[in-house]
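Paired with chain B in one complex and with chain C in the other, chain A is shared by the two complexes that follow.
Up next is the complex of A and B:
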């Protein structure tokens, strides 16, 4: 244990100090470009030498042992500093003179000698046997092609201007002809040494051919290189962990299970013909589902209200609480109707995105509005925000205790089922609790009716309908209690039998109970962002609308909502991206069983449990394509803002 | 929706003596506060799950199996044994040894927080204050990577850490090695390297929003005094950006501490490098006789992020806002 801690500490320290030294060193290096041109040449040469030597070492092309005996001292580690010094010396000399011939001489000879000396360290596995034809033809082709490109792109240039690209082309052609096409592993040390030496000659000549930069050019170089140094490390990491792997996954998704054979679109075909993932057999059920029918009715009602109220205020439609609320409820019901009919992992994912995004955003908005400038705002917001700090795994476990259902014969201990079964017992046995609840509910209905009537007298239709609806809702509950709401019933002998609700097993709604966990977490996020946006609405606007005689609810729908609509958009897109890749919650609560699987979990199982890498990659790409529209929206928004 | 009218009503009742108002008025004013009441009902609903878990973590196995959490005070009279720290002792030290997993988590979280901050600060500065060609589109491209689901990176990354990266050049049958075979799979390094890469687009976005808003004349006068970018960066920009650096640090701490997917992929669910989330999921996966330990284990995994959250909430909120609402 202690060893591991010390190891970690040392590792992290080395990584951080090492990166800091490299970074500061890089900055100092380019400082020299403006101050001391000779030293800049030395450092540049040193860096080139170091990088080339490291690559050769990494590919096991060169090594340095005192003898060929097995117990010979390994001096390989000395090679990097050695070549840093050698190449640095060449750079130093090269930048020390402005004379063209001298520069060519220093560069050419220096490159030839330094690179050629690799031949002394080349391992026998890397001996080179090039074909004579290749090493003659390819440098010529390279020189001609590069000079030709230069010629084609710039008009009116002299022959001497064509020399640098020709040298570059010849050098690259040499590399292709010797190391690229030659046989590595047979041949001689001399040929390998020549292979290095002539490449070095080309590189050195190329530097020698360009004149030294003047002061202005040096300053510009210093400035520009700073962008590279500052961006380099971050972009390198991004390319390594995001861009290259994503391209890799894309290619892999067209390959077989072991990633060896190209099989075209078969993986994608398998995904969308698998009824576990993509099942639309019951599509006709959408039209008979009670949810969709109710949803359509609510939607039409909302539309109708919008139209009618719109005519009153002289607009085609009026989007306020009276119309938006039924439309939102209707749309949600229709969506739930669709997603309980279309089954499979893919549709589960879409359901997750639709439900969590819309509900968390609405609840967040509601809390933001309710808490705005009310007593104890900070405490309330903190507590609702707190789940954001809990891991999805932790949240899944927390909610497993909420949803816990024990067999009917033993006492329930899950929070919700304890209440649910107690309610069932009350309604089934008509005990004291039952009548107490009836009294409480009756009082609430009375109050609600009272408020409704009073609002009617005050001519506030919004409040009137709102409290009327509350009264109706509670009246429904009372009716429900008489007809047996709750988890349990009486058996023939007249004894109460508990019927706990199995939240995680009852399909298809178990999916929704899992979504509740993420809603519980993300409402806080939506609330914080929207609350800040609401506080950002200019007070004058709100005051002005009040002066014009708008009620609270009108102010909310007509002033505040339009002002925060772009923020709502941001919250929605953020949540869509987040919910699309949900993984931990289904994993820890149901492990994807009982038809609650999601794409991220499917991907994990295929790639890392079944070792079907091609299929796993294809599932990952499906996720990617689902997120793509959001990405495009974000890019557009950024491009506008930038 | 309530506020203004509530204020109105409240000030009315301040001015008028209660006796002069009708019963109806008083009931009405009471009922008008219901929306605020709804808020508090929601707060209670939102707190119950965590509270229930916390309370259950102290109760004995019998107690947890026979009664809901709110009956904790009658546990000993019901004969289930009184609440104690025994569960914590067992998960942390004697039984599951979660204390090792906590240390593993720190071994991942610390580098995964510090390194991206440094890299992103350089990059954000370059995007904001160094003029170069293609700056705008490079920045947009970087930030748009925010939305990429990390699932698309996992399979090739795992291969990279396990086997290195060699590229075969077509037609001439040669391979070049770009990334050495370091055999990182199963070690914390693999996890924090991955976290670093994945965090960068967001970190650059967040820090850029802040650093690009710093006053321009500060930079100009520094340039005139002969300072170069590097000097400006560490003498001016870093000290001025402390708030946003703190905001990102908290964000990244929570995100890496709570991460499960990357750790599970790069380390798998066995071995002795498991961070706390993977260990916790393992405890959750073993049903039955250890179920009573689960709440204590979950609370241990949660206590660090929650503490950080409550202690530094101001910065965290700032991070959330800066990350989602463009300035």
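Up next is the complex of A and C:
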């Protein structure tokens, strides 16, 4: 254990010190471009030589031993410094002259000799046997393609301008033809040496062909390099931790369970043909669903109101509370009607996104508006914000206790079912509790009505509506208590039998009960952000609208909402991304059983429980593609704002 | 100009890649060097004492200063008992043995092996997984001396679960007896009920109890992420009783389709039994939401008369419940079709090694020994059973000694099928099918069809 810790510490230290040296070194290197052009050439040459040699060493293509005997001295470590010096020398000489012929000579011969000398160190495993045809055809193809690209991109250039890209192309073509397509491991040292030498020749010629940069260009090179030096490490980090794994997952999603062989799009096919994930068999049910019918009615009503009021104010449609509220409720009802018929993990996820995002945002907005500048604002907002401090796992466990249902013959211990069954018993038996509740509820209704009327008189529509709704809600409950509400009924013998509601087992609504948990958490977030935005609406605007005779409601819909619409957009997109990845809550509360699975949990189960890595990766990619458009919108908005 | 900038960018990127790589290889080399030393040591030691048994090796060779980590599914009290049972051996040999238990072992071990850092020893509750990882070469076969001890100590019925393609790769460390029905002897005597001898007697007894106004069964299948598993135990026990052990093996290996007539019929029988009005304490659709461990209290309180559950259920009875024929709660063998055949459904844990080193094999050998069983019985004080030969039966309570007797004498022992099937079925669709059947959203035929469709093709 200690050894490993020390090893790790050494490794980390080496990496940090190494990075620092490279960072400082890179700065110094490009300092030379402006100050000392020759030395810039030397360092650039040295870096190219060092990098190429290190790569070759890393792949065990070259080695340096004094003899083939087992006890021979290993001089391999000398190779990197050797080639740094050699290539550095070529670079130094190359930048030391402005004469085109001499530059070509230095570059070409230097490249040929330095690269060719790799042949002396090539290990027998890396001997090369290229085919003659390949090494002739590929450089030609490379030269033509590169010159062609140059030609196509820049119009009106001379033939001599096409030479540098042609040489680059020929060099790359040579590499493809010799090292890329040749047989490595057979053949001779000479052929391997030639494989290096001609590539080196092309590289050297390429540098030799272009003239030295003038003073202005050198300074610009030095300045521009700074951006790369500073951004490089961060970009590299993102590439290694984000881009590479994404590509890896993408490739894995086309592979089999163990990630060993490619099976094409089978995993994706499996996702969308699996009735557990993607099931649209009952889609016809939406036409008979009471929810959809109600939704359509509400929608039509909203539309009608919008048209009617629109005429009054002289616009085609009027989008205020009177029309938007029924339309929003109708749309939600239609959506829920559809989601209860579309079953499977995929649709569960879509349902989550639609329900949590819309409900949490609307509730957050409602609380932010209604509490704005009222007396209990701080307390109310603190209380609603508090669930944000609870982790998803913790919230899941809390709500499991809220939803807990026990066998009917024992007392209920889950919070909601305790109340529900007690309510059922009270209404079924009309016991003392029943009359006590009627009295209490009556008092609450009376008080709420009183507050509502007072608020109306004081012109505080927020408080008026809130307490009005509370009164209506409790009035409904009183009606329900007389007509029968709650979990339980009397059996034939006249005994009360409890009927707890199985929140987590009754499908498809168990999905919604899980969503409630996330809504409970995220409403606070939406509220805080929107409340800040509302407070940021200039008071002059609000006062001006009041002076113009707008009611509170009109001010809200026509002044405040347009002002905070971009914030609503931010809240919505943030929530969509967050909800899309929801994992902890279903994992803790149902583990995806009872048709409540979501994509993130499906991915985890496939990849880590079932060990089907290909399918797990495919689910991850589906999730990724679903989130992608939202991310693009977010980024675009950021770019616009900047 | 642009071109030069690009070149610069490329070179800088290359340099940074190199920097990252060299940093990495520095670490790797250091660790690799450490590993090399260990391997060399291991090799020397093995050549030093090639003919001696591991136990002798443990005594002779100095293993002090070495360390072995053990990873298993048992945590909390059971995990502490394992560590307590390992400590004496650690003190004796000087090996630093650490046990780590995790509730989500099954997921974690996949990730650890996949990530290339498996524990030295993993204790699997699923022989199916042992076979998977043995075939990929991650789990090492037992050396001859360790194997010889295991074969000598354990009944063949139990070692066979750790035998993959003829090679012994795992050592049984714990054995659970699943074919048990818990009941209250005093209430049975009072009502004049007899212990059922056959499954038909059992069903008749259920009917009698209903007629007497009692609730015969406690059933609850809620178990967090594993909700549904108690149902699978019922299916397995009935399969062993209504079909042959050979059929059971074929069913597990998917040589017969999952949705065969027998299995579908058994699904139906269980659903019918549980849905019989008055038969189950958790009525009104609450079976799927009743935690399996919550069946202990009603059983003791007389709210139900019988509960079919494995031997570890003792741990879920209210504290202070006395066990045995004279105690508050006793258990009888879940009856078979005839009184003569007594197939046993078992479960348990299997120890496997991932690192080839003398100290690892020494610990492995100890885990399969009677000494380990004795130490663990003493440390755990109930809820642990072992079928290992040579253990001190006196350490068990008389009740548990009776269970051990059933375990070690059974001729037909079969491991819990859901632990043998591929994870996609055994810890996935089989459970889901169970909950969907119990909550009434699938018919028995639909449920078995669903499991059949989910069986991995490769």
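Assume the second predicted complex is superposed on the first by the 354 of 642 C-alpha atoms of A that agree within 3 Å, B and C clash if a C-alpha of one lies under 4 Å from a C-alpha of the other, contacts with A are read in each partner's own complex, and residues count from 1 in each chain.
Please note the rule applied: a residue touches a chain if its C-beta (ideal position, glycine included) is under 8 Å from a C-beta of that chain, and two chains touch if they have at least 3 such contacts.
These numbers were taken from a predicted model, which means no experiment stands behind them.
Ranked by how many residues of chain A each touches, chain B and chain C are led by B. In the superposition on chain A, contact of A:603 is made with chain B only, not with chain C.
By the touch criterion defined above, A:386 lies against chain B but remains apart from chain C after alignment on the C-alpha atoms of chain A. In the superposed model, A:248 lies in contact with chain B only, and not with chain C.
When both complexes are overlaid on chain A, the residue A:224 reaches chain B and chain C alike. In the superposed model, A:413 lies in contact with chain B only, and not with chain C. Of the two partner chains placed by superposition, only chain C is touched by A:257; chain B is not. After overlaying the two complexes on the shared chain, residue contacts for A:307 are found with neither chain B nor chain C. Applying the stated contact rule after C-alpha superposition, one finds that A:35 touches neither chain B nor chain C.
By the document's definition of touching, of the two partners only chain B reaches A:529; chain C does not.
Taken together, the two structures place residues 1, 4, 8, 11-12, 15, 19, 58, 224, 229, 233, 235, 240, 410, 587, 591, 604, 608 of chain A in contact with chain B in one case and with chain C in the other. Residues 1-6, 24, 27-28, 31, 35-36, 38-40, 42-43, 46-50, 52-53, 56, 64-69, 100, 103, 107, 110-111, 114-115, 118-120, 122-123, 125-127, 130-132, 136, 138-140, 142-160, 169, 172, 174, 176-177, 179-180, 188-189, 193-194, 196-198, 200-201, 204, 228-230, 233, 254, 257-261, 264-265, 268, 277, 280-281, 284-285, 294-295, 298, 301-302, 305-306, 308-310, 313, 317, 320-321, 324-326 of chain B are the ones that touch chain A when the two sit in their complex. If you check the complex, the residues on chain A that touch chain C are 1, 3-4, 6-8, 10-12, 14-15, 18-19, 22, 26, 30, 44, 47-48, 51, 54, 58, 213, 217, 220-221, 224-225, 228-229, 232-233, 235-236, 240, 256-257, 276, 404-410, 497-500, 502, 504-505, 507, 587, 590-591, 593-595, 604-606, 608-612. Interface residues of chain C facing chain A in the complex, by the touch rule stated above, are 1, 4-5, 8-9, 11-24, 26-27, 30-31, 33-34, 67, 106-107, 110-111, 132, 224-228, 281-286, 288-290, 298, 303, 422-424, 427-428, 431-432, 435-436, 439, 441, 454, 456, 458.
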